[in-house]
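Shared between the two complexes below is chain A, which pairs with chain B and chain C, respectively.
Take a look at the complex of A and B:
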């Protein structure tokens, strides 16, 4: 088997492989930088919570309109934004930290979702229906991912400096500007947008995994936010291509294969990264940063 | 003394049990198709509860407390068997059901799971996926997709009802006999309908291979991207192999099923230029207003849909 047959032929022979690659690369482009900010704000588990939080909205969309991408996405967005904004508001205006309020609101939302699903009485595996597969990307799913990518990149570029300040030193941002709270909420909106789009098109595991693993891996190579964001996008894209090829050649399910590839890069970075385990041992005198 | 007491207790229990049988027989059917059979055989003499209703997927069903309650009070539980209802063993245990669990596939010659590799050219692609699927190899549970097997189901149901309620036995046998004649006619009708389709246009695609018995009985060749159960997630290799197969074997039409996610099949259809021929009903009936409200409607709908799509294109 030549290199061409191994690396390129699967994508030239089959349209579904091209679509899977295009969709997952676009998602890397928008999800990975978002993941970097989530990680820097210590909200790495928020993505997983959000997967449950959007259930009632997506379920309501499905029950009212059937398997249509747009109502399910809008429903999911509304549910996700409600949870994220309520959690953010509670943490901003009360003593409670965001992780606790997020947990509270996502559990409420999940309970509402399960109630809605059981109201319908049918037992078609709704999770199966609500969450897509990277192999089954149709035009509307690709359009959705593409538009989410554009919106995310625009918002990130516009609010970049405020986001960095808000992540690293929220008190400083509060002292020099009144943008703190709005930026926080815009950011939560971007997170929900990416997750909802990702869930609909690619499934929960893939969108949460693609958001967090490359960001966590990139953290071991640099401390600059710009570099970290670019590196995470690169890691995400390499993982997508590698995972799809593994799925094609070894007959493994595609979503888990992509996440495994990202996981392998993460583990490699933990050990060999310039800020990873070995580097920390070699230069023990250097002051370690979190 | 103790023995006498035990005997007395036992006979009292038996009397209570036989007294209860004057009321309608409490029957639980695991999913909608078996429920349809049970309703026809039992008529007014049974009180029927169907666990997985129309449009539901028995492979991934999550039981509700009401189901456990129905199980615990049931006299007879009718199941398909051959590991079709994955949820049932746990449910029977937790509900402490004393009901007789009747496997309706008893007496049917089970088909083995379809082979994944269909041509030597793709044998090396197929080998790892066969390994991956080997944990659920064995018999294909979707026996009801052949009418001849449905007749065995109906006979087994009548036997089970007779064993539990001797007084109603004549009525059950009479109902089963009438229905059996209808099924026999249906079988002949379906065979005639398929015989009218040209032999080279009998390969079609659907999303999970529930149609092994149907294929065997009526001579239609099915290709499917997922394994035997809706739980498995397809790999890129599976989808690629299917697309190659569609191209080489000249499939005539592609169908979606009532219980699975249609997006994958729609994607394959658009890539291979096939038309989507309609919805086939595999593991569940449709609602009462749908095109497959009863088993006979379901089989007739499936064959008409296939025939229409294949000969119309």
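Take a look at the complex of A and C:
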């Protein structure tokens, strides 16, 4: 098998592979920078929680309309935003920190979701909602992911400075501007939007993987936010292509294959990154006097 | 003719319905340089937070003259030192009031940042990651950010904590320059010598204002003795403070007589009377 046959042919020969690649690349472009900010705000697990929170909305859409893109997306969006905003509001306006309020609301939401799915669906349906099917992306799903990508990139560009300030020195932002709280909620909204976009392709459980793993990996190579965001997108895109190829050649489910590829890059970065484990362990051969 | 930068009108600030700054009356003149002095828990930081607007008054209010730009250096910053940022990034945050969310940095802005770093002795530190800075260097970087903010009212909360003598000297030069430029500066300090040498005015706090005015009139042995012995604890059975006449003789034993019933904003006030002439009426040292 030539290199071309192995790497390129699957994408040129099959329409579903092209759509899967296009969808997952778009998703990388929009999810990964969001993941960088989630990580820098120490909310890596909040992304995971939010992904679970989407379930009841998607399940409600599924119950009412079957396996349809639009109702499941809208349902997921509503559920996700409700949980994100409630958790954000509790942490902003009460003493409780966001980790606790987020855990509380996502658990409520997840329980509601599982109950909803069990009302009618079989476990096969649940598997579909949880693990998605990137190989079955149709044009309307691609349009949705594309729109989410555009909206995300615009919002990130507009609010970039405020996001950085809110992560770096929230007290300072509060002393010079009233944007702190709105930016936080816009950001939570963007997270939900991307998770909803991701769950079509990867399922609710794994959509957060494409968000967090490339970001977590990129952290080991650079100490600038801008570079980190770009690098995470690159890692995400490579993971998508690699995962799809593995899935194609080895007849494995595509979603987990993509996340596994991202996980492999993450592990590589942990160990070999310029700010990774080895670099931190190795004693420099010489050092400067000042 | 005094030109007020800040006007406190019976300002009471606190937490959880317990007062931390009680019935503060008075005016901070434009261009004044005021030290805020007092024991732990006397309400110094709370007052600054109230001025910035980080906590809302429980009673009364604090008016800024319109258009006043504030720069605030908190006692405990919430800076995430692990965040991938460089010194120049954090100092550039000071451009926020000018640039807002979307404004682009001009060459002039970048020069302001570079000049500020030189002024605090951090030239050459532009590209240093935050997690490699010492405590004193971090404090200087935050001073540089205040410089960049180009504010009319500068609030510094214990700016010299854990700072070496040389750095304190450098930072004091900057404070005097602000004073010379006509900016209003209020700083929470714990070093009496430093206050006496460098700060013309002092506000002595012990939950309620003990004295406020010329430093030499405020930092008298009697006033200091009183401020050291105020009751720092909160009491669940402390009486409610019921309006202007009802709070005399509350169990904290603080003196409310000053300030009330006088008009402090009548324009003709000279130094000693405009702040409510607290220094003259501070209780004598009965518990000394």
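Some points to look at:
The definition used in the following text is that the second predicted complex is superposed on the first by the 267 of 290 C-alpha atoms of A that agree within 3 Å, B and C clash if a C-alpha of one lies under 4 Å from a C-alpha of the other, contacts with A are read in each partner's own complex, and residues count from 1 in each chain.
Going forward, a contact is a pair of C-beta atoms (placed from the backbone, for glycine too) under 8 Å apart; a residue touches a chain by one contact, two chains touch by 3 or more.
Computed from a predicted model, the values in this text were never measured in an experiment.
Applying the stated clash criterion after superposition on chain A shows that chain B and chain C can sit side by side. Contacts of A:248 after superposition: chain B is touched, whereas chain C is not reached. Once chain A of one complex is fitted onto chain A of the other, the partner contacts of A:7 are absent, as it touches neither chain B nor chain C. Once chain A of one complex is fitted onto chain A of the other, the partner contacts of A:225 are limited to chain C, with no touch recorded for chain B. Of the two partner chains placed around the shared chain by superposition, neither chain B nor chain C is touched by A:280.
Ranked by how many residues of chain A each touches, chain B and chain C are led by B.
Once the two complexes are laid over each other on the shared chain, residue contacts for A:119 go to neither chain B nor chain C.
Minimum Cα separation between chain B and chain C in the superposed model: 39 Å. Comparing the two complexes, no residue of chain A contacts chain B in one case and chain C in the other. Note for the complex: chain C touches chain A at residues 52-54, 70-72, 74, 77-80, 83-86, 89-90, 93, 96-97, 99-102, 129, 145, 149. Residues 52-57, 60-62, 64, 125, 128-129, 132, 230, 233-240, 243, 259-264, 266-268, 270-271 of chain B are the ones touching chain A in the complex.
Only residues 10, 13-17, 19-20, 67, 118, 121-125, 128-129, 132-133, 135-138, 244, 247-257 of chain A touch chain B when the two sit together in their complex.
The touching residues of chain A, counted against chain C in their complex, run 40, 158-159, 161-162, 164-165, 167-177, 179, 219, 222-225, 228.
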